[in-house]
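Labels run A, B, C, D and E following the written order; every chain starts at residue 1.
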């Protein structure tokens, strides 16, 4: 079997269920692959890991991948299991925020570490500066949603499948919150895609390997969509911290299924163009300065999906 | 033994303080919760509510100890939900890092004591190395060690742990190896003793008390290093991973119990070192 | 044979140079017992350290048995008793005495035998397995003398070895030391503050004076080699003592 | 007036009790100069420490000027010179001497004046601004004597103050001490290992012996108060010295 | 490969130079030794990075870091003042002062000391990654929570050292004070505090490095959009490794200056201690 290492963007959770299902259900074995899944963490930049040769394929958000590409790391998107974005900004209603127009002067919690690009391009589209003043005050939020619970921030970044529910679990009711999905605001950027280094694609053996990998992974994703509870249980099985709960993972899997639903694994060039346009429109400080070339390929998915 | 009563007293005082602090820390959230279900709380109810919140800002002692009990005694030690299991993982990396750090620290100390160039070149940089935040280096350590083909994340963890551990050992051992006074050195000189004899018969034995002090500080530093290293190394297993997940999923009680587990582990390790120290010093006739 | 010719030693310190030794000329023959006496800071210790190659003179010449002091040191010619006992606290008394024997490669049996011998010599039988801090100051000092005697160095350098002892013990050890010297024909350099002690023990008394450290008088003792304790009441003895006292007084400010 | 009646002091140690003092009876009148002499470990230091309320006796009674030792201590009756100099290394010699004066609330001018006085007394003029480690051992010891003399304590307790000094300096300081004592009528308790020193200085000599620490002889000196140095050659002096030596020898193992 | 070889040769040559310099006693020359060692190491680093064509995303060359450093001085300054001047320094001062006061307060009670000091081992082992999220939650995102983290980190090392220092007087020094019938306060001021200073400074020196690390790491768990820890974590995510290393350089520089300052004050205050007399 061929060895292949996959670097995840974050810790073991249902966000990556498709890969764990493929592993657990033997889809990778069937494809003659010996896949190692490396969970991520707060101090792991997947792009850096792949640059250092620590992984063959990585799960990454497109803004970070394109930014890395501009830095000279030739990442190529070979598949896009996530069709839509799960990112949103969740605000307390009692702050008076009813629409993005009210953001001025408010304090917003944001993830950094390569996850800040969608937020930054949204703000620049809104014409809000992100360094205080008449724009918005940005907080680097940690890994939890405490800032909104403690009223240290008016809004925090949340994923539909994860942090939003942390707020709810903390006792805040949904009608105390107002949420702005990046999808709805027309600023959605592509999330969890599969990326490899360019040179892999010029090697037929590697291409074959990646093809089998993507095919098996998508099989895993489709299985997970169809059997969300089982998929969540598989993820729990692989969580070596023993700290994840069934309730939370099942709920997360349900939400994830909504994001993967529209995708067969192949990148939709229209989504790509929209993402690039959004990243380019950053006003004085765009995330990327020129439209990238060759940042994606259908070679793998074309072969894999046949 | 003489310190049992004082320690118990201090523990009691700290617990009391802790309980008292729980009320104001959690009151705001408790009131907010109650308001959602249209209840106004009396003082007694409020205090009771702050003691048993699901997501407290400051968990109360009994919550933490219940969690500690639940995740140690009630769980099989092989279960990934057992703190004993995670403590064991952390302990393993800590001991590797400790061994690595102590060896490095002692080797550098010997070099520094025997070579002026080493002293003047290395010592300032050893100090500087400790001003570099390890978390900034951690990703690079992981990437570099995986690109030179070291698989598994135990090794980078141990390296990070050794990075924090070697410095106190270095400083202590330099002091210790230099502790013989001029007369003790002169004595060996009058015997025409070789450099090796000076090391084995004088410098090393007289550094032993310093060595143990450093080992006690070093093992605690190694533990902290391992836990810090458990975040960037993928937060897979170990007490550090528990802390991270506890943080992300808004479970302060999990953080606190992992913190306590770490502190207890450190206490045990330091006590072990003390024991080793008193046995060794007694055998050397230096315990009075 | 120890031979110093216009020996100088200057320490460079923060407040300028200290002339610890200046133009010291001295010849010590094999088998002589030489005492050094003089006020605090006159360079007695410094001279002994130069002989033992623990200090490097800044001028003049110094030879020991025709070699440089350092060569003599490396050929293990010296037994040195320091001003303070300087026992290693992690070794028992017996193992402290064994230390030089281990370094010089004596075999096990010889080590044991010699330890027993010298412990008896300084009246410390039965204390071999004690640690230094379990002994009184005087006993520690005797242990350190035993350590210097354990290996048969040709030259014995002793820096105020009996300073911490009371008069009775001191008399006793003086007798023992004389007997040892008579038996073994060692060359002995001996620093003391006590005039009677210097006169009682020595074949040659070197009186020194400070700032700069130099020799003011060298007295060859007319006393016979055989010296019972009551020799100290003889006129010869008192005459020598008087001359030493005068020499010493000259080195002091008060008259 | 110091009065000890069947005073006992037992230290509890790991290897059983040590009887440092056993059944000690002693009366010291005001203005007396009492020397304590005896082999190492016989309890001289311990007795002085009991008087100064630095140790608590385990039996018998001890009064100082009719008070308990601790009351006397708190009324600042003592000047104490320890066996080692014990200067504070972060203070200059002058400021070390000022230490008791600061604590007892002397004013600035008085402090300066007294420091100058006592520095002169112990021949350390010009060394006031040096730090202790810049002085030789003997000079440090003199500084510590100066410190004890700086404030006018009624009772001066001195534990081998001249141990580290050579004979000439020692003679000189002996004279100075006698003069001071004659001038001020202080009560002085003085520990020494030197028989001539004890006889030369004291009005009363206490000979002690160890295990258990007890008094074996108390000798009232027949010597006049006026004592030139050459009194040491008189038959009276030698007779007292002889008696002390015999008392001492009885406490030792060898004959 | 040539490049690497050359760099190694330069390194060895400079080391040889150091060996010779270290023998000379002059003060200025001795200060040069660590600098030359640093320079040699930088040259080696540069040579290896260029020679082996290490990706700047993994390890940038010192020259690239220096260039970044120069162009980003304003940002570096903002980060420095946020993290070091506000977070680390205030935490250091508060933590050390509190520990010192606590040490003096418990000093009279052996009971309290025996009860309190064992906790030093526990608190010393509290991983900062565990305390930081809690303290950020309690004290907010700005530098206050960073200062709190620093306080927690420096408190016990400082306390243990001071307590030990206050015990450091020998029996004779204390007996002397007793014969003067000195009051507690007089003994404290004139004997025990001066005698404790070498230990106090030991604690302070340990605290300097802890303070810096604490303030930086705490920013990983929430911060405003400035600060050295914020910048480091953000730039790692953006693969701006040159900026990361520029911040590391600032940290090393600040740490050395901080440590050096404390060591210099120590030299002045404890000039009398044998370890300072050489």
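Rule of thumb we're sticking to: contacts are C-beta pairs under 8 Å (C-beta built on N, C-alpha and C of every residue); 3 or more make two chains touch, one makes a residue touch a chain.
The UniProt protein names, listed by chain, are B, E = ABC transporter permease; C, D = Sulfonate ABC transporter ATP-binding protein.
In this text, all values refer to a predicted model and were calculated from it rather than measured experimentally.
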Statement: A correct list of chains touching both chain A and chain D reads E
- prompt: Which is the least count of steps on a path of touching chains running from chain B (ABC transporter permease) to chain E (ABC transporter permease)?
  reply: 1
- request: Please give the pair of chains with the highest number of C-beta contact pairs.
  value: B-E
- request: Compare the CA centroid of chain D with every other chain's and tell me the farthest one.
  value: A
- line: Overlaying chain C on chain D by their Cα positions calls for a rotation, in degrees to the nearest 5, of 180
- line: Averaging C-alpha coordinates per chain, one finds the centres of chain C and chain D separated by a number of Å equal to 30
Distance from chain D to chain B (ABC transporter permease) - Cα centre to Cα centre, in angstrom: 53
Message: Counting only Cα atoms for the centres, state how far chain D is from chain E (ABC transporter permease) in Å.
response: 50
Message: Centroid from C-alpha atoms only, then distance chain A to chain E (ABC transporter permease), rounded to Å. What do you get?
response: 38
Query: In chain E (ABC transporter permease), what residues contact two or more other chains?
result: 58, 133, 137, 220-221, 233, 236
Message: For chain D, give me the residues that contact two or more of the other chains.
response: none
- prompt: Among the residues of chain A, which ones contact at least 2 other chains?
  reply: 42-43, 45, 48, 51-52, 142-144, 146, 150
Chain-chain contacts as defined at top: A-B, A-E, B-C, B-E, C-D, D-E
- line: Seen from chain E (ABC transporter permease), its contact residues with chain D in the complex are 170, 172-173, 175-182, 186, 190-191, 194-195, 197, 270-274, 277
- prompt: Which of the residues in chain B (ABC transporter permease) come into contact with chain E (ABC transporter permease) in the complex?
  reply: 2-3, 5-10, 25, 57-58, 116-117, 119-125, 127-128, 130-137, 139-140, 143-144, 147, 216-217, 220-221, 223-224, 227-228, 231, 239-240, 243-244, 247, 252, 255-256, 258-259, 262-267, 270-271
Residues of chain B (ABC transporter permease) that touch chain C when the two form their complex: 181, 183-184, 186-193, 197, 201-202, 205-206, 208, 284-286, 288
- prompt: Which chain C residues qualify as touching chain D in the complex?
  reply: 37-41, 123, 136-139, 163-169, 172, 193-195, 245, 248-249, 251-254
Query: If you look only at chain B (ABC transporter permease), which of its residues touch chain A in the complex?
result: 29, 32-33, 36, 54-55, 57, 79-82, 85-86, 135, 138-139, 142-144, 146-147, 231-237, 241-242, 244-251, 254
